[in-house]
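Here you go, one structure.
Chain nomenclature is as follows: A, B, C, D, E, F, G, H, I, J, K and L, assigned in order of appearance, with residue numbering initiated at 1 for each chain independently.
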Amino acid sequence: MKILVLQGPNLNLLGERKPEVYGLTGLPELQKYISEYFKKIEISFFQSNHEGEIIDQLHAARGKYDGVVLNAGALTHYSYAIRDAIESIAVPVVEVHISNVHNREEFRRQSVIAPVCLGSVSGFGIYSYILGIQAVAHQLKDGRQV
Amino acid sequence: MKILVLQGPNLNLLGERKPEVYGLTGLPELQKYISEYFKKIEISFFQSNHEGEIIDQLHAARGKYDGVVLNAGALTHYSYAIRDAIESIAVPVVEVHISNVHNREEFRRQSVIAPVCLGSVSGFGIYSYILGIQAVAHQLKDGRQV
Amino acid sequence: MKILVLQGPNLNLLGERKPEVYGLTGLPELQKYISEYFKKIEISFFQSNHEGEIIDQLHAARGKYDGVVLNAGALTHYSYAIRDAIESIAVPVVEVHISNVHNREEFRRQSVIAPVCLGSVSGFGIYSYILGIQAVAHQLKDGRQV
Amino acid sequence: MKILVLQGPNLNLLGERKPEVYGLTGLPELQKYISEYFKKIEISFFQSNHEGEIIDQLHAARGKYDGVVLNAGALTHYSYAIRDAIESIAVPVVEVHISNVHNREEFRRQSVIAPVCLGSVSGFGIYSYILGIQAVAHQLKDGRQV
Amino acid sequence: MKILVLQGPNLNLLGERKPEVYGLTGLPELQKYISEYFKKIEISFFQSNHEGEIIDQLHAARGKYDGVVLNAGALTHYSYAIRDAIESIAVPVVEVHISNVHNREEFRRQSVIAPVCLGSVSGFGIYSYILGIQAVAHQLKDGRQV
Amino acid sequence: MKILVLQGPNLNLLGERKPEVYGLTGLPELQKYISEYFKKIEISFFQSNHEGEIIDQLHAARGKYDGVVLNAGALTHYSYAIRDAIESIAVPVVEVHISNVHNREEFRRQSVIAPVCLGSVSGFGIYSYILGIQAVAHQLKDGRQV
Amino acid sequence: MKILVLQGPNLNLLGERKPEVYGLTGLPELQKYISEYFKKIEISFFQSNHEGEIIDQLHAARGKYDGVVLNAGALTHYSYAIRDAIESIAVPVVEVHISNVHNREEFRRQSVIAPVCLGSVSGFGIYSYILGIQAVAHQLKDGRQV
Amino acid sequence: MKILVLQGPNLNLLGERKPEVYGLTGLPELQKYISEYFKKIEISFFQSNHEGEIIDQLHAARGKYDGVVLNAGALTHYSYAIRDAIESIAVPVVEVHISNVHNREEFRRQSVIAPVCLGSVSGFGIYSYILGIQAVAHQLKDGRQV
Amino acid sequence: MKILVLQGPNLNLLGERKPEVYGLTGLPELQKYISEYFKKIEISFFQSNHEGEIIDQLHAARGKYDGVVLNAGALTHYSYAIRDAIESIAVPVVEVHISNVHNREEFRRQSVIAPVCLGSVSGFGIYSYILGIQAVAHQLKDGRQV
Amino acid sequence: MKILVLQGPNLNLLGERKPEVYGLTGLPELQKYISEYFKKIEISFFQSNHEGEIIDQLHAARGKYDGVVLNAGALTHYSYAIRDAIESIAVPVVEVHISNVHNREEFRRQSVIAPVCLGSVSGFGIYSYILGIQAVAHQLKDGRQV
Amino acid sequence: MKILVLQGPNLNLLGERKPEVYGLTGLPELQKYISEYFKKIEISFFQSNHEGEIIDQLHAARGKYDGVVLNAGALTHYSYAIRDAIESIAVPVVEVHISNVHNREEFRRQSVIAPVCLGSVSGFGIYSYILGIQAVAHQLKDGRQV
Amino acid sequence: MKILVLQGPNLNLLGERKPEVYGLTGLPELQKYISEYFKKIEISFFQSNHEGEIIDQLHAARGKYDGVVLNAGALTHYSYAIRDAIESIAVPVVEVHISNVHNREEFRRQSVIAPVCLGSVSGFGIYSYILGIQAVAHQLKDGRQV
């Protein structure tokens, strides 16, 4: 099973930016933590501050990854282009957020990508990624157990 | 570790209500599935169609449970009283939803309880409960790993 | 044919509350009037000021009644939980109101339950119940004659 | 007792237009069905796609009809001129709709004429007309039994 | 100097409709009152409940009348087609209302035609027409004395 | 008959401010023009840039003037205090505007004082004052001829 | 004179919940404090987390209490059913809040019950109850001294 | 192939009304220009200032025309009755506008008929009609080439 | 203890203005009533129709009064300048209203000064002032008993 | 004549993405179809998922192309930067869409670029491009024939 | 060159009011600081808590000052009368704010005067005044160097 | 002291784009003008039409520049990603605009980046940059002199 952890703008500053909200773990440590957590899943990482590259990666994921865990950063709130990209591909995408987006600024409460994702996980710090990957993996193994 | 899985209105009809959205698993099977999944966590269950009983249970959780996983059903969208109850207690609460609330009716996109929960999980069918319990358990063991 | 006339908050005060709007007929007389009007239909009555009990009754209606005529009182305007309950059961539900909800306070113009009911009747005083029961009965006998 | 069944734009296409919503009964059959249902009431029919003619008919109803049952079609949602016409005459008017206007497009939820009608009936297919006529007839015989 | 007094829906019921708002003077008396008030101005009258006829009359006013005094009735609030008609002709148009539209229902506060009229007069009963005609006549004689 | 022409902020700059909108006539000439127009009415004038003084003058008008013609300038759009002052006195007040407030900036379309005035006149340049005074005078002589 | 102090959801946690907002006094101490403050008034207390029980108590207050002081907690912001209950009974009801609801979350600024209460008191800590009882008592003794 | 070019209010004034927006070509020249452009298509024309007649023509188009090109004028922005008429017939309808409706007044940006048309063309002067007819013709010949 | 009772626009007309809302007591009697009620508190009074003077008085209250009871009249609803004045001084300010501002015009429901006041009292006629002074006095003696 | 067909995010997936909406034709076939359709026009193609590259291309179009046909994909709905780019260049730009953007999700109804384009074409499948190119070509040859 | 620094309500309390936002410098020190900074510009100062006096000063600035630097305090957010005053005079006006108005309360984000000022400076503490004066001086010397 | 002048989309077209708004000075001349103005400050320049590159530059500014002056062009109005980037770095950022964004299109009035900038300068043509750099320099030398 191959999963892509895809991250949007400013997540390269993880560990430095607003540590009271986003924590002290930097991006390399986060990637190491995730990779070690899931020994049996092949996990790749990609981060970009460019909306276009996020879209390119989503397109490229077809046939290459079984699932995507996406933290689109602030693009979550206005990038209808990423929304369309998610909707355009057959690969399941899970939305994750480190912070609880619901108790911060008003604009963070709207996610324009949520309606086309499989589901969402937010508020558990970097553990949100762990849960997001589990969700994709579970979906790939068992389908949505409704 | 003791966790309460608390469920709001109409979740007693799980398995019967809109199976294309909520699946075919009934409430007793769901509870069995959860209990068996987490052998080492003591999990209790409570479901009610009454807002007041949800609040009473949240109050009673103080000192009795280490965490709560809450699917408040439709009360999610307007019960500021449940919001206040969550805010009033020191026990961490995680919001879960079976369906992806973001691609259904407009009113389901607003959660008045999300801002006072630890975090949210939605869209993964009954597996959302598994992830929600993991989130609480992780929080209780390690704190929020930011 | 068995029909449940289900009534929400404050309808126990019928005949006393705002008689210029709701009239002088009390709840017992209303029930007598309805029962005598429909000799061939078995009609039961339930009134509660508790949202949860309305939901419980809707659930219990499955297999027990052929149809429900519901005046949810003020819960009409915000109880998405009752909406979900109506949507969860296969029993047809008709919304009735004694007053013309469209020429009173602004908040009374919105019904969150209307979209999941079979149809609505409002503004004809207690005769609204007679029409509501006829509507359910007609639906049960002939289906919706579209 | 003389009642006018007044119908607005596109209702001449009944039976052809969106049969899954409006049914297969054409306008002539509908009129026949209504006339035969109420043997003792003298019922006239008028349909027009012109807002001005609906208004003219409402004015002409004074002294000619005891009541009006009005399905204003899409004019329901914006014709303040029809609203004023209803308010200008002493003849009671009941609003009817074939479909449940609350579970279709957003604009169909607003009725600008409802506040000045005696009451409303919607969602019961062509049986809505039967109920609307009963409502007017009841009002004329007994007044609003509040 | 030739002026057209153009009136929209329901103004044919003047004197009968809501006399506490619109007064007891009927349309013929109103026309007589206006004609006698302005001995030196040739005044014509036209009333219709049809939006299309109001537009036709506005078009026909070109070359036939020097000015128009328009009470568009409820069409004031939504007829962008009448707005376009006023904007399309070179004849000055003054908007008049019998009642003070600002202390009645909310929808009466918006006039979609006001922005393309020369000016507006409202709230002075049938005397509003006298003022409206004076305004047009003054404009025609002296231009806008800014 | 004694009438007060009361003017709000920036109307002292009449003739200088935006002449393409407000004209070239200065305040003294305007006052002379009005006084000479109405030989038989005793007209006083007051202008202030201070909301409080407008209110004081409205209060002082009781017992001193038979009517008030008010151009409140930009205070028209937000001074609920002036609104309350108008509502507090028995003297009839007519709202006038030089320009057509409906085809300028959006904020000029709302008048918070219109609902408590007898009526409104706008768009006819300084001739709006002439019409406003006529309206008050007519009201005082004949009452509202509805 | 008999007065009921009626309290809604989460007020049983007084003294524990957000003490920086709601203070350190618990519900029993609050009740003792109130009872001792008003030696000559017979004061009863009722608290519930259930909307339906608040309504039941308001109904039961008829003939049993002379006035009600109500802190409806978060139900203040959405319970139109409680609003209808207050409007349905002849007993005067005063709304009180411990905190200044106007400088907290946006949703706390709207009270759906305020329009049907005698008046409101908020922001003075538990002393708000003292003032609320005085207000009811004054009303009962002297009527509203307008 | 038979196509109807259907035009709404004020389009009879083409060439006279706001020539900087709508051009100098009159309606007869426009019709001549269109007819000569499409030698092989039988094109009919109808213009009316009456909403009802537009609806009547749309109904009559069934069985008589293969497609309709509709410039509904200002009715575009509020006539839900025309919308329903379009939706009621099987004949494909294309919406055209002479001007770019998006860079004019705010109300011109909303088209209530667009959702039920095949597609829209706007902003190309009278050439918009040529494109609209081509679009219908292409649809009729090849179907929508998606 | 020295307290200033500060009153805004139109409160000088108390007893004359809308007596069904504001009562028959004039301002001098109100001041006498208040002074006699609180024998042990030194109470001063100031009323102005000028926003600027209200602000000046609030500033002057520093070091001169221990508390302020403020009925800002209609300025309550839009004077952000008074809001800033209250926030700028250390003297506690209590907002009072004679009428229940929540069951009148929509604009009266918003108070822009409430968020920076200690608390609010409204709806009890002139007794609201008594309660407001008690609230300030209690605060000064005991602090907010939270 | 040289025309650039410029395409935004996700249009590289044409033929694969939501074929029921966007059809089965892939981007290369689309380009071939367009090129062969217009033998006498030199047509270039550019597609990018990067907003910045769309802007760069629009800038580069100056002096290189006579016109641009732009399908900005989802950027249509929020990219004010592309809007400014279109406004910054003298080259005429036509907006095209494959689907009827008016009968899909609400957000697709707003185009922030439409006000600065020459005109818009939407809803005709890939034939929209043909019409868009014709529109630009017509504009370049004959100017806007108003 | 003569410049007027004009200040609105509560700015007389500078140095005392919310020092964490507005700093510790009092108004006299601010004026001294500004005067000393610009040795070659003749700078006058005026502060008032009265909207009317701000307007009077703006009017008086004509012919007396070459430019105005205006901190209108809270009047910034609602005084359309000041807006009109600025628009009425030929003297250039620059808007300044001490704090960053964009990261405080929502109402501070709207400036009703900004559209008629030359430009705006905000967020740099008292240095905002220095920049504002420079901006006016630059404009007067070189015109807007666009 | 090292300052970066960072510019967003379309600013490379300065001097060509809408010269009546943005002036005739091209980007190279602007840079020369700025560099020569501030002899003692080391100023670098970067312009891009790509949101991602603006973000990359902001990140890279850490440790390399002491301050940033940012004209984000149209991205000002929707790029929450740039907002997060500014918030993520410790380098002070000042927002500048050439035109007065408040008297142009509605969308230009909202700046999503303003709340996280030190302050804003707009409306002074290219002199806005001079003021913006002065503001940053002052902040770096003296801190915010509040």
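Here is the rule we use: a contact is a pair of C-beta atoms (placed from the backbone, for glycine too) under 8 Å apart; a residue touches a chain by one contact, two chains touch by 3 or more.
All values reported here derive from a predicted model rather than from experimental measurement.
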Overlap of the subunit E and subunit F neighbour lists contains none
For subunit G and subunit J, the contact-path distance works out to 3
Across the interface between the identical copies subunit F and subunit K, with over half of residue numbers shared counting as same and under half as different, the residues used are different
Rounded to the nearest 5 degrees, the rotation mapping the CA atoms of subunit A onto those of subunit J is 120
Of I-K and A-B, the pair with more C-beta contacts is A-B
Check: chain pair from A-J, A-B or B-C whose contacts match over half of those in E-F is A-B
Distance between the CA centroids of subunit D and subunit E (whole Å) is 31
Between subunit B and subunit H, the Cα-mean centres are separated in Å by 54
Whole-Å distance, C-alpha centre of subunit D to that of subunit F, is 47
Within subunit I, the set of residues that touch 2 or more other chains is 50-53, 78
Contacting chain pairs, sorted by label, are A-B, A-J, A-L, B-C, B-G, C-D, C-G, D-E, D-H, E-F, E-H, F-I, F-K, G-I, H-J, I-K, J-L, K-L
Note: in the complex, subunit D contacts subunit E through residues 50-53, 55-56, 59, 78-81, 83-85, 87-89, 112
Listed in rising order, subunit F residues that touch subunit E in their complex are 19-25, 98, 100, 102-103, 111, 114-128, 130-131, 134-135, 138-139, 142, 144-146
In the complex, subunit E touches subunit D at residues 8-10, 12-13, 16-18, 48-53, 73-75, 77-78, 107
